[in-house]
Each structure stands twice: as C-alpha cells, then as structure tokens.
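Below you'll find the structure, written out as structure tokens, and then a few comments.
We call the chains A, B, C and D, going by the order they appear; numbering starts again at 1 in every chain.
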Amino acid sequence: MSMADALDTEWAVRWMRETARVVAENRVLLINLDRVIGDADHGENLDRGFTAVVAKLDSSEAPETPAAVLKLVAMTLMSTVGGAAGPLYGTAFLRAATSLGDAAEIDPNAAAAMIRAARDGIVARGKAEIGDKTMVDAWTPATESAETAAQAGATAPEVLTAAANAAHAGAGATEPLIARKGRASYLGERSAGHQDPGAVSTAFILQAAAETARELFA
Amino acid sequence: MSMADALDTEWAVRWMRETARVVAENRVLLINLDRVIGDADHGENLDRGFTAVVAKLDSSEAPETPAAVLKLVAMTLMSTVGGAAGPLYGTAFLRAATSLGDAAEIDPNAAAAMIRAARDGIVARGKAEIGDKTMVDAWTPATESAETAAQAGATAPEVLTAAANAAHAGAGATEPLIARKGRASYLGERSAGHQDPGAVSTAFILQAAAETARELFA
Amino acid sequence: MKKLINDPRAVVNESVEGFGIAHADLVTVHPDPLFITRKDAPVQGKVGLVSGGGSGHEPLHAGFVGRGMLDAAVPGAVFTSPTPDQIIPATTAVNGGAGVLHIVKNYTGDVLNFETAAEMAEAEGVAVRSVLVNDDVAVEDSLYTAGRRGVGGTVFVERIAGAAAERGDDLDGVTAVAQRVVDSVRSMGVALAACTVPHAGVPSFDLAEDEIEIGIGIHGEPGRHRIAMEDADGITQRLLDPIVADLSLTSGDRTIVMVNGMGGTPASELYIMFRKVAQLLDGLSVTIERSLVGNYITALEMQGASLTILRVDQEMLELWDSPVHTAALRWGA
Amino acid sequence: MKKLINDPRAVVNESVEGFGIAHADLVTVHPDPLFITRKDAPVQGKVGLVSGGGSGHEPLHAGFVGRGMLDAAVPGAVFTSPTPDQIIPATTAVNGGAGVLHIVKNYTGDVLNFETAAEMAEAEGVAVRSVLVNDDVAVEDSLYTAGRRGVGGTVFVERIAGAAAERGDDLDGVTAVAQRVVDSVRSMGVALAACTVPHAGVPSFDLAEDEIEIGIGIHGEPGRHRIAMEDADGITQRLLDPIVADLSLTSGDRTIVMVNGMGGTPASELYIMFRKVAQLLDGLSVTIERSLVGNYITALEMQGASLTILRVDQEMLELWDSPVHTAALRWGA
C-alpha cells in the first residue's frame, strides 16, 4: 500500500462535484428510465440533491476529512432528494462516512470497505435483495469487485474503477428482471425490459468516483 | 291556380319526415359547421328535434290540416331542440302554421306566405338583420324568391323550389360574413370564412319541402 | 378522445341521475322533463331562484341547488340551452308564493328559451323576473355581438341572490341584489387545450403545442384571439388587466376573487394563478375579502382557467358569508 | 403539454404560496422547510395528525388541513416524497402534548422518509405513531411487491382519524381508529390518458386512442394492465368487483363510497360512474351511507378516476359526520 495513490479530502470533494456534473448531464436520461417503470422523478430528484450538495460545498468551510465530506453529502441528500432515493443514498453516504472514521486518507482497503458500508446501508434501509431490480443490483457487484481488487493489491483508483465497471454491468443486468421492490414492482412483469434508474444512477456515482481518483494520479 | 298541384296535409307530413331524414344524414356536417364558429351542437340539436317530430307523427293521430302538422312540429321542436335554434325554428313553424289557417290545401300564394311568416317569426324572435350571418340570411332570400315565383304564376312545388334554391345560395353567401348575432359573433373577424350552420340547416329544410312537393306531382 | 360515458346521448340523464343519488339529502331530480329542485321546494314565502343552461359546466348549475343558493337547476343537452318545457315546471315547482327569479346567462339560446318559459309561467300565475348575467370582458365590442357572455359571474349571482332570498327579501329585492352583482362582476378566461363534446367526438378547436386561446367562452367555442404560450404569471396578467380596467378597480376597493378551472386543470395551477392575482391586486391596494379557487363553472375537460372578480360592499359580503348548503358550495351548515 | 406554471421547479412553492393566501383563515404556510399547519396549531391536549407525500395530488394533503382533519401537511416535490427535514418540524409544530400520528401512504419513499423523521422527532421528545395506508387492490400479489399502494383510502383515514383526535381520543386511540379505517378501505383506479410531470415535460405513458390502463396509481406510474376502451358501466364494474371481493362486502354492509377524479375528468363522468356503483351495490344489498364524488386525490391532470369503498360501523359514521373545516372538505362548520 503506497500513500501516493491514497485518496484525500480534496478527492472526496472532486468526486461529489463530478457526480453533480454527471447527474445533471444525465438528468433527462434518468427521468426517462424512471418514467417507463416508475414516476419520472429520479433524475430530477438527484439533480436537485447534488446541486444542493455543490452549493453546500461552495458555501461551507472546507470539511477536514473525507468522512466529513461524505457526511455533509448524506445530510444534504437526505434533506433535498426525497422519494425512495433520498433516504437510500443518504444512508449510503452516512454509512460510508462512518466506515472511514477520521482518517485523512483512503487506502485501497478503506475504499472497498467504504463501498461495502454504503451498500449494506442501502440494504438495511430498503430491505431489497439482489435480483429485486433496484440499486442494490449495482452496489452489490460493485462491492464484490472492489473487495476482490483490493485483496489483489490494486491501488485505490483501481479499486474504484473495478467498482464502477461492476456497477455499470450490474445496472445493465437489471434490464430483463421483474421488479420486486420500489415503485416498479407494481408493474409486475411489465417492469421487465427496462434498466432500473437507481442502479444506473449508482453506476454514474461510482464512475465519478473512479474517474476523479484516476485524474488525481494521472 | 289549379288545386291539382296544391299541397295537402299528407305533403306536410312527408315534408317533415324528409326533413328528419336529411337532417340525420347531415348531422355531422352541421355539427362540424357549428364546431368551427360555434359550439358543435347544431346538428345534434336538430337531429334530436326532428327525430322527436317523427316519433310524434308516428304516435299521434294524423293531424287534420297542414297547419296542424306544422303546429305539432313547432311544439315538438320547442320542447326538444333547445339552444338558439329551438325557439327560432319553433317560432318559425308556429307562425307558418298560423299563416295557413285551417285550410286543407296550400296554394302557391299560401306557400309563399307561409315562408314569409316563418322568416318574420325568426326575425321577431332573434332580432337579426340580413348580413348578420344567421339563418335569416337563408330565410330572407327564400321568402323573396318564393313571393316572386308565386306572383309570376308558379305552381306550389315551383314556389318551394325557388325558395330552396335561394336558401342554398343565401347559406353559401354567409361564408365571407362576420357574424353579428349568436355564438359566432364572439369570434369577431375570425367568424369569416365559414358558412353559418343555421343558414345551411334552413336550406336543407326548404329543400326537403321542395323535393317532397315535386315528388307528390311527379 | 376517450370519455367515461355510456351512450353519448344519455350523458346528461345518467349523470344527473347519479348526482341525485349522491345528494339525495339535498335535491330531488325530476326526470321528465329533466330538472333538479331543492329537496324542500317550494319554500313557502321565499322567492324561488331558477337557473339553467347547457350541460357540461358542472358543478354549475345543479351543484348549486340548496339552501342559500338555487331552488332549481334546469340542465340542457351538453352546451345546449334547456327548453321551455323544462323551465316552466321547474319554475312552478319552486314558487312558494313569492315569485321566481330566473338567472340567465346571456346567450341567444338561453335568453330565448327562458323568455318563452317566463311568459308561460306568468300565464300560469307565477310572478317571474329575470336577470341576465353578462360578465365576460373578452367580448370587446358589444354593439356588434349578441352582447357579453355570461360566465363565472353566474356563481356569484346565484350565491348572493340566493342568500338574499333566504334572508326573506321579496321578488323585487332579490332581483335588485342579483342585478347589483351582475353590474359589479367581470370575468375573462383562457384555454390551453380544447374540450370534446361527447356527441361531436372531436375537439372543439385545435391549438398548437405553443398556442393558447385568450378570451375563451365556456362552450368550447373559440375565444377572441390566439397568442403564443406564456408562463402563468403572464397569462394571469392578461386575464386580470381587462377586468381591472372594465370594473375601474381602484385603491381601497374590496373584492371576492374566483380562479376557476375549466375542468382539466390541476388545482395546483389554479393556486399559482391565484398567487399572482393576489400580488397584482395587492399592488393596486385592492383587497381580496374572500376567494374561491377550484372548478366551479367548467367546459367539460377543457384545459384552462378563468378569473372572475366581484367588487363587493358590506352587504354583499354579509350575504356571501351567510350559510349555504349545496353539493358544490357549502359553509355555515 | 402546456401548463399554467412559471418555472417547473417552482410549481410546488408557488402553488402552496397561493394556497396559503387563499386559505389564510385556515392554515399557516411555513416556507422553508416547506410544510402547512392548521392556523391554531398546536392544539393543546389534542393528538396532532401529520400527513404528506409527493405533490401533484391536490387537494390531498394541504386541502385537508384544518379542524377535524389534519394538523399538518408536508408536500414533497411533484410525485416525490417529502424529506425528514420537512416532516420533523411539521411534527413538532403540531404536537400539543398528546403526541402525533403520521399518516403515511405505502410507498418506499414515503415510508423511509417518515420513518427517519419519526425517529428524530421521538428523539426530540415527541411521541409519534404511524399508520400505513395501503388500500389499492390493483396490486394483486403483495409478496412480490413493496406491498399495496396507498391511494384514495388516505382521504378516509385523514377524515375519520382527524375526527377522533378532535373528539379527544388519545394517541393510541386515534392510531387504533386510523388503523381500523385502513383495514376497512379499498380502492382501484383507471386512467384514460396519462399526466405530464412538469419537470419531465412529456406524458408519463402513452395510451392509444382505444386503450385504457386499469389499476393505475396516483403517480403517473403505469397500472397493472391495459385493456381496450369500454363504456363507463363496464369500467365501473371492473373497479368495483375486486374491491367487493377484497372487502368481502355482503348484504347488509354499510359503506361510504368515493368516486374520485384524477384531475382531468369532468364531474359529470364521475357521477355517471357513481350511478353505476350505486346500482351495483344496491344489487348486493350493500348500503351507501355517505358519498364523495369529485377530485380529492388526483394525479395532476390525468384523465381517469378511482373508486374507494370504506365499510363503516356506526362509530366511524358518526366520526365522519362530525364537523370538518378544511379547504377541500367542509361540513357542520
């Protein structure tokens, strides 16, 4: 483990700003995914939430640790997103923050542990199982890939890249599934044939994590 | 004046049945004319009214005079058509009936007088002037042509034919006018470019009169 | 256009039948000829109030039958004035000996049919007066039209004249109050999308995705002019300005305001408009004493709204506040 | 899709602002975080009732704030559950010392946000209970879903629990009454045409000219299945049958029936449906003791309707009849 590629508070801030950018860019895509099997608000909700996160980062004093950044994000999402995604992502970032403690930097194992904590928080809150066609279907493979990478000695950016790639694959794999949790479950078999919006937004969030991490060490 | 081509009670009944048929056939056309510059009910209203007239003729004892037929029509239209057209056509047929007295047959002069009475009743009720883009624009030339024909010695069927032709021309001539009475008047200049539905239905009624009269002596 | 109906020709009868069952405590439905009366009609010694017109404007008029408002409502076919043979028995049924006031919206058909009915009812010994509601400022040039149309102001006339009748005013008194409301009320409407008359089956007019119709009536008839779509604040200003001008509303005036939905507009949008009306009137130092926001006089499922403003004095306000108990307007009871 | 709005993101704030001005005698609007309370909140010694959910269902919930119904309403963004930072201050604001009941519609988002808020409010010393409304029989197989959705039954829970709170029942008592209503109420809806969420700008789903969506929810989400368009009587039967089956309604049962418009349906069509419901229940010897016909829980301007039936006993009926004074439901006051 080399501290040269560990992730610091500055990275956490960049990750969140990049997430806000990607979510804004994909706002309509996420709305449209939710329109087909939900209620057409997922992109709007996340855009509102991460716009508020950026405003909070701009106006607050710079947080001192990565955990402090993620806690601020958690509280902001919780109070601005609403819907199912607000409490779920809120819990995810809160648990992720807790897993980091007051460490100044995030090493590869801590990165993997952070992702697992987020994922476990979502499962604890929403009680979805893998295959229920929710964001859990992106977070779970992301967690597993991140842990495998960390165990194999990958750098922190590599761990996040593995997580992001697995999340994207997991989101794609929700397409044929029949939803059993959340609003899409009311559609029964008609929910099959469309990707889950929360799984797709999860992939965007983890992709932003990986890209900002890689850039930091490019 | 020869009684051979005078019009009797049987003709009056045939006229009304033929009117009901023509109005039903042109129900959608009249609705559509009214849709553009009014409220899309003229065809429906007249169809309801003349359907009721036929039902009344089927179920009542045969009226004894042409005037009795027209009075029954007047009362039925008044109580089933509604809107502007109900009272206007109701008054028209009532005045037409009154003009015929208890005569058993209608000679050419009586035919012309009947049409004038109907027209005057409409004007008395609705206060429209010629050029206001209403049914008066069909009834007025119809009256004039009928009177001219009668004075020139035409037969009763010829008098009615002259009236019907003039009514058709009058209805056509409402197209460029700007409405100043009835619902179309609220459109102001936008009422120009469309025929007045009441003028067109007037032409159908008088055409039914002419055709049934001609058939009777064919 | 899909509709929750059975036979298009049975729409009015079936819907009034359902209305009668739902509000059996308030009204009696007389099926043939069709009219609706207050359950306790005729109220002895009270002036009877009768209104009516084409159907498709629900809750107007049947929804306003009851204590403190109408004694009878006479529904015609959709968008078609009722006939005298309905209006006459409705008139005699609610005559409690003090005479009957006809509240007539100013359309040729309504005027002619009520006129005939009034004549006939008078011939049967009922004292009948009429007021013509003509509050629509969209019709600019009344010399060359059939006069202003009666629209949202009708609700105010029915409520306030109804209160005066309930208070015990005589026929001349109730008529005078009704006329005072007519003189003090103005309206203007807008349509974003047309309605479809059941028997016609196609929308009454076509509006492009970026067009709205200003000065729309309540019969699906086109309005006075079309403009490009604007935001709610802009549209509200366009409805308010001609009303303020026509009523010469000035600082210190007291009003009752109605923001009315045409049938297919969500309540949230009506409240957005009401917010702007309140801001603009506040800017003129005109007071909103009472308000109605909702669907009161509709045009089937038309998407749009209308604004009605009544300038009130203390007496009108007290009449407004007195108990009313109808299917669509109820307070103090 | 044209809408009478300004900025799509300001729809909820501006509309609630207008609502607050129109009903200043009844409610107070707290702008940031956004929630609405009864003017006289907190009522000392009375259990406080809080409900909320995504906006776009007006008059639910703000329209039901007032005496005999809710103490606070918490509106989220359009079709989006509100957040705990709104729900918590609403809860503490209406706590008159007797605790607060949260009335929550069963959607993942509502459940999670209210759950969090309840925890936090309890930590601040407020006793909080919750009831989950889940009356939608359209969701057939609750093992493989997030459970039944809460729809029209919410209106009944808010009214009857509100009456119990007004009567002075304690927190356990009010909760028990609310739960009894939840257990006795079922709903089913139909859409003829979709609504358009302001920020999305396109209809939530497409229905062909001859298709309808049975089992629609109130969030513009698609229903359970599509069928070819039918007449009103046929559709009404399709909504009624599963409700009757699920409630096991039998001869002698007493009910309150609501035929609710989804926002873009004329009142006349709702009464046509009500007529059929009355006929069918009459055929089963089931009594309709009271009814509501109109827009009570909408989905923006969706064209469609829902049917809700509550089986009542004498106590529920008396609670129903007790005075209520809110913007959208009012009697006896």
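Basically, contacts are C-beta pairs under 8 Å (C-beta built on N, C-alpha and C of every residue); 3 or more make two chains touch, one makes a residue touch a chain.
These numbers come from a predicted model, not from an experiment.
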Components of the interchain contact network lacking subunit C: A, D | B
Neighbouring chains shared between subunit B and subunit D, ordered by label: C
Intercentroid distance (Cα basis), subunit C paired with subunit B, Å: 33
Length of the line joining the C-alpha centres of subunit A and subunit B, rounded to whole Å: 76
Subunit C and subunit D, separation of their C-alpha mean positions in angstrom: 29
Graph class of chain-chain contacts, one of line, ring, star, complete, other: line
Pairs of chains in contact (touch as defined earlier), listed by label: A-D, B-C, C-D
Subunit C partner contacts - residues on subunit B that touch it in the complex: 31, 35-41, 44-45, 48, 78-88, 125-126, 178, 180-183, 185-188, 190
Complex contact set, residues of subunit C against subunit B: 9, 33, 54, 76-85, 107-109, 112-113, 115-116, 138-141, 144-146, 149, 197, 199-200, 202, 204-205, 217, 219-225
Contact footprint of subunit D on subunit C as seen in their complex: 2-6, 11-12, 14-19, 21-22, 55-56, 58-59, 63, 192-193, 209-210, 212, 229, 231-233, 235, 263-276, 278, 288, 291, 293, 295, 298, 300-301, 303-305, 330-333
